[in-house]
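What follows are several structures.
Below, chain A partners chain B and then partners chain C, in two separate complexes.
What follows is the complex of A and B.
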């Protein structure tokens, strides 16, 4: 009886299994062919190399929710994430180059600074996101400012600093950033070695004791918003100390860094005077982190034309996307020697790859000569290409 | 027809009246002519017969084949068709039409000609001038030697006219030209010199050109040019107290040694800048980046030098 049942079961199962297997194999073959062209299964950014250029890789949802929960990806890209139901980044030369450098840096030497530059819409922020994912996977402590413009131009509120004369605090923004920092580094912050080095006396009654964890400091900043800005600065100092001591490895990533040096902001004092960025408390902490005087760290910043364009009336003929122009003299001297990394326009290969991706996602309907036409129209600019693809 | 016949008598009256008025003065004076408003027939003045000037055949028809051309055309002169025995043509025409010939041809008269400077004439003039010349110094056999021993080049022009005055105002102008390198100035003095001379310096040829024309005589202008040269030289060598105040912001070019870049590198490597490996390449790249302006070339050169300086891997492509 048992034997018979087993036979029957076997027969039944093989009967069912054969066609299914054939089908799957066939489907896989087809899938593979397409995957080879524009997708890569290599989801670990540290393994990305020259061979993966112009291919798409997917950031797992779990990683994305931690890394970019409170911003970090451009708005249009976020819309695409929602539309395509996946977070796919193209492996591009600048990010791979930086990752390659990060792998071979001697972390006992002073921090190396990278500057991503490129024309508007070429994908500086996306490249930064790619590097962030690498840092996340490799257990870096991530100090990430999603967009400095949020502090300087779209600040939620401002108030005079209580601790320092003539300085302006951006309390809500600072607290939001602390929350972002805590979310991104939730895992690492559980490490009990991350302690603060000194007593901090906030007011007569409030204080944070020496050797209490960094997390406590952050919590205090988030809960007591009055101290958020100062908390960011203290946190920056503490991170530097911890990195110097070798307790953690830090990656500082700041998008739109040149805004820290651009004299015109939309932060105003009570007398409606424009506040210079170096009179904003937050600036100090982040500039402190981008100095070279610490080790076990790497700094990646982007410089963006958008900062200047928003303020200037019309288009300035001297306008340039190069770092020296955007950073200004002080900014350049602050970062020098830095490694400039150009984020180029799409190459032909990259363009075909992204068009394949759009077609696979049913975002555009194919027609003959589509790739050439769109490449010509967009001039290889990714952002312009997205714009043209909206209606296709 | 009816209208016309009606008007006829009026016309007759009109004419009579006119005659009466015009012939009012009875006595005739020789010096006064009668005012003859409407043409009235009188004695006709005899018409002057225009004198005919004889038109000769062009001179070229009588020229001998072996004539001395230098005597026919001794000096600069605008083109004259009858004097030039050449069938030259010049000018624009409609398509298909022949080019205008030399007679009454304004185009030929407009352009300067060198008919007075034919090779035999030049040769003759040189022969005539030879007795006033001295032999060229044998030691000055190359342009470099001339430049080295005679750094100043003074140019002025003499003018020769067939006009009543032998003076030409342009003869007073003196041009002094020399190479800046022949002054042997150090960099600060050179900078000051260039600021003083302004656009009189041409960078490509390293030449300073001083033109003086403010004095009435050539000698005075020459003296003034030499005075200017002396003054410029000594002024540029002088260091005024306010020149010491020149700070980094006043520098016209980026000098790496004076800048924050050097200090940063020294801090990073905590040794003197000269001992840092690959530092020349880096300092040169920063200097070019600042002085030549930002472009893809200078920035990539800067990037590569930073990679070498900080020991980073080369770009992947």
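What follows is the complex of A and C.
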């Protein structure tokens, strides 16, 4: 709006106040006739290439309901899905790069680890969602943690582990995650080849027999919540065995992975002591899955500044969004070697594309100089841009 | 003698304000002399109570005249005493400072006072001063009539003789102009465009200044009349002939050309032009801002991008001068800021950008930037907390008991 203000000032550059009606007039619609192809009809993420960069594609409702029914998209983005009545993602370079890699890597070699990193609000989770959609379409077994913060900071309950001394179970979260896993892989889990490799004795009376299906194991975890955390760990082992055997191809996607290494959590023992993440049962299973000692798998994790910021008041001058800082020594050594993928700020082209999308969805009213002004103000940060567009 | 004063008041005889001050002092002396002369005679005649030779003059002395003379005498005595005191004080001061009292000037006095009575008071007029009594005590008008009560000035009965004298002069000049114009027309001569009176950068003296000059009160309506008459005179084609008279009543505005002269850009190593504004300030923030042209709109603040500021207000502050001067995406900006908070730093950068952009925009844009207030330094600072109050203005909660 600054341009309109400046224009009005120059037009009425006397000392009189500018009448309000002029300001309203400035905000009036001035239809921008630029009709760029900011959408792509290519709805299959495996066919996305560099040609589709900065274009929007729609995830079909059926896919979204399966993939992201129990989370997986950021909250603000979910609000936009509701507002725009469609799930549209922008095809961006990091996601396309990873998809290309996933297409070309040799799955007989140890699992490749990707680390998505970038400043707050650049779209790491959205990129992850894009890759997940690719994996879903290409029949990967998806092991997806929507947000590790839900375990470490917003856990529903915590109890001492019955099987392992000194460990803490997050049973409700674990059961919710099992449900999420079952929903995402509903089709694949019907495969009769997915069997467990050993007898599992839960208690004296309860047990799961060898060669019963994975689905049974998951059902047990959901129904008997006491065992949900252990169930997740056992499931992780079984998935590794199955992948190694070549029965399934697995994609592990974990959002906010650095939280597994951040010493401060909001999980407390009975004595109100803070629990270190490696004393939480769930951590073990997911760290197991992110090792490189298996094949037929790929691992994508994101590291997020938000973890650190939430815990510490004020920002640390040494604060950085790079994986080495966020993962810490142990986390870095755990993941090393990995492929870092930077999620950059918006380029000008991407910015124009998203503004066109907003205008098409009638989310913002156009005015002269809008794109340039907002690009400067948001500094190319997608999240900030969404914030500034709220009032337009 | 009073006619002389009248002449001295005619501003077209004065070259400038300094001369005016000089002459006003002269007038004061004249006034004093006249008052002294008249009062001594009168005092003599009144105090002795003896029969007076000049019986007529005593009879004609009205009550008003007598009261006036008393007042004038008192004032003059007071002023004389003050003047003597000042002279003695000055000599003392000179001795204290180890200077020659004879050559001790007013500037020396000011320096000595500042040295001997250092004052931390913010307002300059609240600090100790030592000035000649003429400057300290307000001037008073001298008698405008002789002992018989007959006024000296022909405009005496207007009540504002000096003011109307000015208007009278204006009209005289206008009439002269008409005559001159007619004669020139007869000769088929046009006014010289080279000599055309240039009044830009100056304005008519304020009402208070006019009042001080004529030693009379002037109403708003009379001041308007004055301005109208002067405007009319100065708009005449041959007004440059009375330039001196007109310029006496004009004061210069702030010297714009000096203040708003753009900084000359320096050529950088990469061949681009850059302008650096040092010590841009606002509130507690201070820093240097460099504008580089041509550029692509890249901005660097303490090594970061626009994300250095988290709020939209600060970001808009920085963007506004660029959009206003239509230079967005045409220049690069580098800023190094220290101290202060976000709004102060953003304001300082905005000021620095605007100040530097003058080198890259045309005169017209620069003028509109000035009108928009972009080139005006923001002097506002945080107001201090007061003792006995919760804050700068906020009071503690008041409870009856």
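Quick notes
Basically, the second predicted complex is superposed on the first by the 356 of 392 C-alpha atoms of A that agree within 3 Å, B and C clash if a C-alpha of one lies under 4 Å from a C-alpha of the other, contacts with A are read in each partner's own complex, and residues count from 1 in each chain.
By our rule, contacts are C-beta pairs under 8 Å (C-beta built on N, C-alpha and C of every residue); 3 or more make two chains touch, one makes a residue touch a chain.
If you're wondering where the values come from, they're calculated on a predicted model, not measured in any experiment.
In the overlay built on the shared chain, the residue A:372 is in contact with chain C alone; chain B does not reach it.
Of the two partner chains placed by the overlay, only chain C lies in contact with A:381; chain B stays clear of it.
By the touch criterion defined above, A:244 lies against neither chain B nor chain C after alignment on the C-alpha atoms of chain A.
When the two structures are aligned on the shared chain, A:58 is found in touch with neither chain B nor chain C. Once chain A of one complex is fitted onto chain A of the other, the partner contacts of A:342 are limited to chain B, with no touch recorded for chain C. Residue by residue along chain A, chain B and chain C are tallied for touches, and B comes out ahead.
Within chain A, not a single residue is touched by chain B in the first complex and by chain C in the second.
Per the touch definition, chain A reaches chain C in the complex via residues 2-3, 6, 9-10, 13, 119, 369, 372-373, 376-377, 379, 381, 388.
Taken together, the chain B residues at the contact with chain A in this complex read 259-261, 264-265, 267-268, 282, 286, 289-290, 294-296, 299-300, 302-303, 306-307, 309-313, 315-317. Within the complex, the chain A residues that touch chain B are 49-50, 93, 96-97, 100-101, 104-106, 109-110, 112, 292-293, 320, 322-325, 333, 336-342. Taken in their complex, chain C has these residues touching chain A: 297, 299, 305-307, 312, 315-316, 319-320, 322-324, 328-329, 368, 371-372.
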